[in-house]
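Two complexes, one shared chain (chain A), two partners (chain B, chain C).
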Partner chain A sequence: MEEIKKAAIEKITTHFREVTAEQHNGNRVDFFIGKEEIPAILFYLKDEMGYNHLSHIACVDWLEEKEFEIVYIVWSYTDKIKIFVHTRVDRENPVMDNVDMIWRQANTYEREMKEMYGIEFTGLEAPEEFLLEDWEGPPPMRRDFDTEAYAREKYWERPGREDARDVRETIIERTGEELPDFAKKYKR
Partner chain B sequence: MREKATTLYIGPQHPGITGNMMVRVKVEGDTIVKATTEVGYLHRAFEKLIEKRNWLQSFTLLCRFCVPEPDPVEESYARAVEEIEGREVPERAKYIRVMVLELARMASYMLWYGGQAGSLGLYTVGQWSVGDRNYILDLFEELTGGRVYHMYIWPGGVRRDMPEGFEEKVLKTMNYLEKRLDDYDDLMFENSIFQKRTKGIGIIDKAKAIEWGVVGPPLRGCGIKHDVRIDDPYEVYDKLDFIVPTHEGGDIWSRAQVRRQEIRQSIRIIRQVIDKMPGGEFYNKVPNPQKWTLPKGDAYARTEAVRGEVGMYVSSDGGTHPRRAHFRGAAYVHGITLLENLLVGENLADISAIMNSLGTCPPEIER
Partner chain C sequence: MINDKNSQKIVDIIQNFARQHSIWVLAYGTGCGAIEIPPTMTSRYDAERLGVRGAATPRQADVLLITGYLTTKTLKRVIRVYEQMQDPKYVIGFGSCTINGGMYWDSYNTIKALDRYMPVDVYINGCMPRPESVLSGFAKLQELIQAGKADGAKKYKENLEWYRTNQKKVIPNWHMPEYNW
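Then we have the complex of A and B:
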C-alpha cells in the first residue's frame, strides 16, 4: 500500500505545481491545492488515475481564518486508497468552480453548500431551493449564524405564551428545591 | 395523437414514499418523462446542533440520522473521532460492534422486506417480517436499553458489556430467523406478481454505475462486487469469512436477490463473531467529556450500511466540540440524482417499488 501511496503522491506533485501532499496512516493521502486547480486535479484523479468514486464533499467554516475549507474525498476501487483534496475559499467572496460535469452527484452537494454556506458555484445548474424554503436570512450553517438570535428576531411569541419561562424556575417556585450547581450554568 | 403531459406530486404524504419527501413527476399517460426529487420537509439541523455539543453529546442526534438503521452512523462517527485522537479500541469492543452492525443490518432488511413487498401490494410479507424484526429489537433492548435508537457504539468502544447468557439468545434468534428466511422466499421471491413487477424494472446502467456514485446493494445488483467491508475493512471484518453476493441485471429483482443473500451472510458473520468473541475490556475510557479535547485534524470514516456506503467527515479544531461533522448518506446520491435518472421512462405505478429497491431514506438526505 505504501508504494501505491507514494506513486500517487509523485504523480500528482509532478503534474500539479502548487500542491502539497501529506501522508497519513492507513490508506489515506491528503493534497492541499488552490481552488482554481480543483476541476483539473479531480479530472486527473478520475480519468488518469482511476479514482472514480466520489465519496464525499465536505465544507468546514474556519471563521477565525476568514476562509471556508472544502474537502473532496475520492476513492479508487482498484488502488483502495482514499484521497482527500483540500482547498480554501475566501469567506468574504466565496466563489468556487462547479464540478458536477465530472460527477453528476456533486450537483447535490453543491446545492447544499450554496444554501448552507452561501458559496457560489460558477455555472451550477440546479433548481433554486434545496432544503430551505423561502429563506431570506444569512446562510445558516455559517459559524457566525446565531440560531437563537435569529429565531428571537424572526418569530413572535404565540399568544398566551407571554409568561413562558424556564421550567427550572417553576420547579424552584413550586417545590422550593435548590438547583444543583452544574444546572445553574445553563441559563436560558 | 400525442398525449398531453401532466404533472403529479407523489408525496410528501404518500404511502408509497419511503419517508417525508416528494417526487414531482411529469407523466404522459402513465409513463414518466421527467422526475424531480423535492426535499426539505424533514430538515432538523442536526449538523448545526452537533457543532454546539461536545464530542459525546451528539450521540442522541446521530442515531436519528437514519431511523431504520442507526448503528452505522454512530459507528462511523465514533471511528472518525478515534482516528483523529488515535484512541485504541479493545478487541472485544470491535467484535461487539460488528455483531451490533450485523444485527442492525438484519433488522433493516426485515423492514425492507415489508417495504419492497408492500410497494407491490404483497402486504402479508410486511406483517411477517416486522414481527420477526421484533426478535432482533428484543436483543437490542437487552443489550443497549433501546429498541430502535441504541446510542451504544461510542468513542473508545461500546457502552456496556454483553449481559450474561446473551450469546445463547443471539444464536437462538439466528437459528429461528434462518428457518424463517425460507418462508420469505416462498412468499415473496416465488410469487409471480413479485417477479413480473420487478424483473426489467428500474435498470441501472452497469457501465455508468460507479461514476454515478451507486453503492451498496444497487451496485452489487449490477454485478459489480464492491463492499466497504471488503474494500476498506474496518473493525474486524478482515478476520471474518463471508462472501459478498452479486447479481447481474441491475433491476429491482437483482437488488432484491442481493439483499436476500446478504441476510444469510449476516447470520454467518454473527455466528463467527460469537464463536471468536475475545474476553477482556470492552471500553477504553475517555476523559471527562466536558473537558475532553481532540487534537486538530480531520477524518472520514465509512461504513457499509444496508443502503450502501455511509460515512462521517469529522473536523476538529483542537477544542471540546466538533468543528464540523458532515454526514454522507447513500440516499444522498441514490435518492436525488440516481432516482431522477432511473424514473424516466418507467411506469407511474413503479415509483414506489424503485424507491424501495434503492433504499431511499429522506432523513439521511436532509439531516
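Then we have the complex of A and C:
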C-alpha cells in the first residue's frame, strides 16, 4: 500500500509541476493543483495510471477565503487506492472546465454543483434545471444563503414553535459545556 | 323516495357504513413515512381487517396518505393527484412534518403545514408514527366517516380560492389544469 501511494505521488509530481501532494493514513492520497490543470491530471490519472473510476465530485464553500474548492475523487481497481484531486476557483466568478469527456457521469455532479453552488461549467451538457424545480432564490448550498430566513419568509409557519432553538444551546445549558470558538460564529 | 328526509338519512347511514369499511389508500408515498406502510399492510398489523387496502390509481382511491415531508416539487404532484381523485376522498397527514414542519422546519424547499395547501381530515403525529398509530388514525377516520364529519373534499371545493392562493404562493410556475367540478 505505502509503495503504491509513494509511486503514485512520484508519478504525478514528476509530470505536473504546480502540484502538491499529501499522504493520508489508509488508502488515500491528496493532490492540490490549479484549475487549468484539472482535465490534464484527470486524463493522466485515467489513461496512464488506471484510475478509471470516478467516485465523486464534491464542492466545498470557503466563504472566508472567497473560494470554492472542487474535489475529484478517483479510484483504481488495480492499485486499490483513492486519489483526491483538489482545486480552487474564485467565488465571485466561479467558472470551471467540465470533464464529462473523461467520465460521462461527471455531467450529473456538475449539473448538481451548478444548481446548488452556482458554479458555471464551460460546455456543460443539459444546463437547465436539475433537481430544484422552479427555484428562484440564490444557490441554496452556498454558506451565505440563510436557509432559515428564506424558509420563514416563504412558507407559512404554524404558531407554537417559537421556542425551537439550536440544540447546542440546550446542551450548553444542561451540561455547562463550552463551545469551541469556531462554532460560536455560526450560532443562530 | 330519496327526497324524503328520513329515507335520505337511512341512505346516508348505509353509504357511510360502506365507505367506512372500504378505505382504499393510494399507493403513493412521499418523504420517509412510506416505510411504515408495508408493516401496516402486511401480516403483523394487517390493516386489511379494517378494510384498508392499496389502490393503484388516484381515480380508484379514497384516501391520500401524505407520508412525511412535502417538498414544493412533490406538492405540485400531490395536488394534481388529489384533484384527480373521485369523491368521496379523504386526506391523512402522516408524521410531524405535515403538522408543523417537524425536523424540516427550517428547510428551504419543504412546506411546513399541510392544511394550508390541502384539506386534511386526520393528522397522525409522530416521527415516524408506528403502525399502531397509523391504524388508530385509520380508526379515527372511520369514526369521522360514520358521523359524516370527514368533509375535507367539500371544504376544498368551497374554499378553493384560498387554497389556490396558498398553493400558488409556493409554486411559482403554475402549469396545472383548472378542474371544473
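Keep in mind that, in the parts below, the second predicted complex is superposed on the first by the 150 of 188 C-alpha atoms of A that agree within 3 Å, B and C clash if a C-alpha of one lies under 4 Å from a C-alpha of the other, contacts with A are read in each partner's own complex, and residues count from 1 in each chain.
Everything that follows uses one rule, which is that contacts are C-beta pairs under 8 Å (C-beta built on N, C-alpha and C of every residue); 3 or more make two chains touch, one makes a residue touch a chain.
Values in this document were obtained by computation on a predicted structure and should not be read as measured data.
A.B. asks: Who does A:104 touch here: chain B (first), chain C (second), both, or neither?
C.D. replies: The answer is first: A:104 touches chain B but not chain C.
A.B. asks: If we overlay the two complexes on their shared chain A, which of chain B and chain C does A:13 touch? Say first, second, both or neither.
C.D. replies: neither
A.B. asks: A:59 in the overlay: touching chain B, chain C, both, or neither? Say first, second, both or neither.
C.D. replies: first
A.B. asks: State whether A:140 touches chain B only (first), chain C only (second), both chains, or neither.
C.D. replies: both
A.B. asks: Which partner does A:132 contact after superposing on A: first (chain B), second (chain C), both, neither?
C.D. replies: In the superposition, A:132 touches chain B and chain C alike.
A.B. asks: Would you sort A:150 into first (chain B), second (chain C), both or neither based on which partner it touches?
C.D. replies: A:150 sits against chain C, while chain B stays out of touch.
A.B. asks: Residues of chain A that sit at the chain B interface in one complex and at the chain C interface in the other, please.
C.D. replies: 132-133, 140, 147
A.B. asks: Can you check the complex and tell me which residues of chain B touch chain A?
C.D. replies: On the chain B side, the touching residues are 36, 39-40, 43, 45, 47-48, 51, 210-213, 215, 226, 231-232, 298, 300, 302, 309, 311, 313, 315, 317, 323-324, 326, 328, 332-333, 336-338, 366.
A.B. asks: Could you list, by residue number, the parts of chain A that touch chain C in their complex?
C.D. replies: Listed in rising order, the residues of chain A that touch chain C are 132-134, 136-137, 140, 145, 147-148, 150-152, 154-158, 160-161, 164.
A.B. asks: With touch defined as at the start, can you tell me which chain C residues reach chain A in the complex?
C.D. replies: Touch residues, chain C against chain A: 72-73, 76, 99-101, 105-113, 116, 166, 169-173.
A.B. asks: Name, in rising order, each residue of chain A that touches chain B in their complex.
C.D. replies: 27, 52-56, 58-62, 69, 71, 73, 75, 77, 80, 82, 84, 103-105, 107-109, 127, 129-133, 140-141, 143, 147
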